[in-house]
Amino acid sequence: MFEIFGVPSYALFGQLLLGLINGSFYALLSLGLAVIFGMLNIINFTHGAQYMMGAFVAYMLLQYLGINYWAALVIVPILVGATGIIIERLFLARLQKLDPLYGLLLTFGLALIIEGVFRNYYGSSGKPYDIPDALQGGHNLGFMFLPNYRAWVIVFSLAVCLVTWFAIERTRLGSYLRAATENPTLVRAFGIDVPRLVTLTYGFGVGLAALAGVMAAPIYNVSPQMGSDIIIVVFAVVVIGGMGSIMGAILTGFTLGIVEGFTKVFFPEASNTVIFVIMVIVLLIRPAGLFGRGI
Amino acid sequence: MANTADAAAIRLHRRTDSGLGIAAVVMVTCLVVAPFVLYPVFVMKALCFALFACAFNLLIGYVGLVSFGHALFFGWASYLAAHAAKSWGLQPELAVVIGTATAALLGFVGGAIAIRRQGIYFAMITLALAQMMYLVALRVKLTGGEDGIQDVPRGKLFGAFDLNNEMTMYAFVLVVVLAALFLIYRIINSPFGEVLKAIRENELRSISLGYRTDRYKLAAFVLSATLAGLAGSLKALVFQLASLTDVHWTMSGEVILMTLVGGLGTVFGPVAGAFIIVAMENYLAPLGQWVLVIQGAIFVACVLTFRRGIVGELASWLRVKL
Amino acid sequence: MRLIASLAFAAALMTTAAHAQTTNVKVGVLTDMSSLYADDTGPGSVAAAKMAVADFNPAAHNMKVDIIVADHQNKPDIGSSIARQWFDTQNVDAIVDVPNSAVALAVSDVAREKNKALLVSGAAISDLTGPKCSPNTVHWTYDTWMLAHATAGALVKNGGDSWFFLTSDYAFGHALERDATAVVLANGGKVLGSVAHPLNNQDFSSFLLQAQQSKAKIIGLANAGGDTINSIKQGAEFGITAGGQHFAALLFYIGDVEALGLKVAQGLVLTETFYWDMNDATRAWTKRWQVERPGKYPNMNQAGVYAATLHYLKAVAALKSAADGKAVVDEMKKMPTDDPLFGKGIIRADGRKIHPAYLFQVKSPAESKYPGDDYILKATIPADQAFRPMKDDNCPLVTN
């Protein structure tokens, strides 16, 4: 084994790989935020709570109905996405003409409600969710022992991100979406139902958060505060990347996960603050974010 | 016609002033009587939060900036005040000054970074900065991490008045908070305050009128952070403890809720909101986590139907300024 | 006229006398009802406190005893403000349990200031009877010194001579790491490193990776409850136990064993001062406790809440008043203790309750014959050796 800056390479690679796993979640969540922001022009503070709901619904499906992980990957985003659609119709649709800050406050309130309800019934310690049988065990990569499940998380989330990017940037539906973001009135004139497009977009973004939640359940346990822990980091990721581009959100998410892993090796004390420090630096140099269109 | 309009304007102005005056007298009277009727520690806690909410309101109500990270100033000020009183053995008034100065400094640095963006970005940046400092508080020795700084001595005010007496402590908190509220009122109605309101209404126009709006915004941010820090420092002395709760993002959320419930941009709204929310947390504590749900529900209700808050609605009903 | 007046006076005297004989006592159970320690204390501690009141039989002593409960959420500020409010406005005379060392230290300050009694069962930090000792506090069940000497001492003597600590980043974790490090070094072992993790942490992977790369034979877990369960579970996922390293769960309860399952937990060495399956008295008590907590097994914290509350009430009965917390605690120290769970014992001047400690090993699934049959008794550490000698306390109460 060779050394890098006095650190054994296996230590470095191990932490980088773990960072990549965290990065997968940052990417999925900031992607969802970016999609919602593009269409509704609000920052969805409930995103973390919806990620947590994803994990909890998967846990409940397994616990009470015996529905396994693989089925949950499909069912949970649909169920939680449906609750998102209800939220959009009931609340967010009424705020369209107001300052977007009200949307932030409203979704913050919703996040408190959801977290409070789950805390009340499940306490604040994590509930275990077992790794599916097919992904038990792991491989010795020489520099570290990589559990199969964590490898799956990296590959699968990358795939989901790329499919989403393709759907928005390269398909007809995606082009409607982007057009409606730019000029809703004009798009409506072409006979496209913009409010419905908005509702479905929100449901889709929420579904992405729920999907991330299902994937997180076997790694982080299922706990009511898992969403609020991660969402603030994701906000920083979003500020760094800028809200302008889908690909920007994905890239920033993965990259910052890796940077975090890197910091764990060299400056462990700073590992959980490094993303915020980067945010400050980016704001000082390029206030609009790395991929952002200036505001 | 012109005359009647003028007369109406004057009447309204008089009414406005008398509304504020009456409300101030009622508030002060209630606060003087309160510790004899209610549990003094509870009233002191509510007073600290009233000041915190008013400081926050200075930013959201008069400059239109929503900070989602005000716990940063409140919490870190309380850490430094507690540290100064406990480890350096300073007198309480000096501990409060040190806590407040810490908040001013943090407000300057944080503000300089955050005002580079507007609107929701500003909210997200302040939230992220506060979370960063929360994580720092979790790790550094000075704050004691999860343990907090415990057993902070209240000491003797100016070396003469023993603050371990609950009523003396109360008098100290009341005087400081009322003085700070009066200061906020004066700031809002000064020429400086008028510029802030102009920025809230139309920033581009203010710039074209030759105002360096960034400087005004930063000054308002620092003022707001400083006063939030004053509130945090007092709280550390009242509870003889500084802890992570005060720097956590839920605290930032709570102060927004207080201001929103009371009424954004009203003089007395944040005070009323603080008393309501603190009382609610106190009396509903047996409900456990449902308190969080109730807070969330109030948020949603305020945003959807009740955007002027209690005092704002009351003021428009009475047609006075409150 | 005079006769009537004196009769009325006598009657009044009698009523006040009868009134004075009923002593009202209020005991507050301040515990973790919702978070990572809730399964190891929480509702089980409340059930135990209620059993203590029932077994004491207040009516027979002309006493009325009330129990109230609150959740401190593992936050020192919430714990100390509940304690303050209980003492100031609810007439609470004593607080019991208080798992989480940071909260226990904060509440100890408040109890001392208000001159009430604090009976600690769930918190571990040995400073409660050391530098931070208080005339108003009794530390009943166990402490970090005891855990370190019993568990770490046994492991080092069996060849586990290089250690890496995974430490919960607050008062308790650091105290446990400190006490265990001293034991490892004193027995000729060495400590290769340590890493602190936040309380109620969910993902231990990067900490475990550091532990793995330290190549230490023993990974000492200076954490508790849900944190310990997650460390061990994720350690298995990352192939740590398969790679030849061993976990030392310095604080581990029977509920944690049940949560992990014997398959994962088997072979772990741990120390408790109580085991439900120890003798007929403990089994009978457990049966009654399980009426409130079906399917669970009581641990030493919950047994400690029962025994401490019972002994406290006996002391109040002897004094006929609970008003002066320090006086009641002094009385508790004067009376020898005797209860079905810990047997006979004493409370030292520093507030430390003295009883034997037991070193257990977790059974394999094959060895377990019935539900809850989880431990093999490996050694009994006699009462006079189980806890830190008073001369090493640095407790101001003792030196003065």
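As written, the chains take the letters A, B and C, and residue 1 is the first residue of each chain.
The rule is short, and it goes like this: a residue touches a chain if its C-beta (ideal position, glycine included) is under 8 Å from a C-beta of that chain, and two chains touch if they have at least 3 such contacts.
Values in this document were obtained by computation on a predicted structure and should not be read as measured data.
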item	value
Most distant chain from chain B, judged by the mean position of its C-alpha atoms	C
Two chains sharing the most C-beta contacts	A-B
Euclidean distance of C-alpha centroids - chain A vs chain B, Å	33
Approximate Å spacing (C-alpha centroids) for the pair chain A, chain C	40
Where chain B touches two or more other chains, by residue	139, 288-289
Interface hub residues of chain A, defined as touching at least two other chains	119
Residues within chain C bordering two or more other chains	33-34
Chain C contact footprint on chain B (complex, rising order)	39, 41, 138-139, 145-148, 150-151, 239-241, 243-246, 285, 288-289
Chain C to chain A touching residues, read off their complex	33-36, 38-39, 73, 195, 200, 202-203, 205-206, 209-210, 212-213, 225-226, 230, 233, 237-239, 243, 259
Residues on chain C engaged by chain B in the complex (per definition of touch)	33-34, 70-71, 74-78, 80-81, 84-85, 88-89, 102, 105-106, 109, 169-171, 198-199
List of chain B residues in touch with chain A within their complex	66, 68, 113, 116-121, 123-125, 127-129, 131-132, 135-136, 139, 249, 253, 256, 260, 288-300, 302-304, 307
Of chain A, residues touching chain C in the complex	8, 10-11, 14-15, 18, 21, 119, 123-126, 128, 131, 138, 140, 144-145, 147, 149-150, 219-221, 223, 226, 261, 264, 268, 271
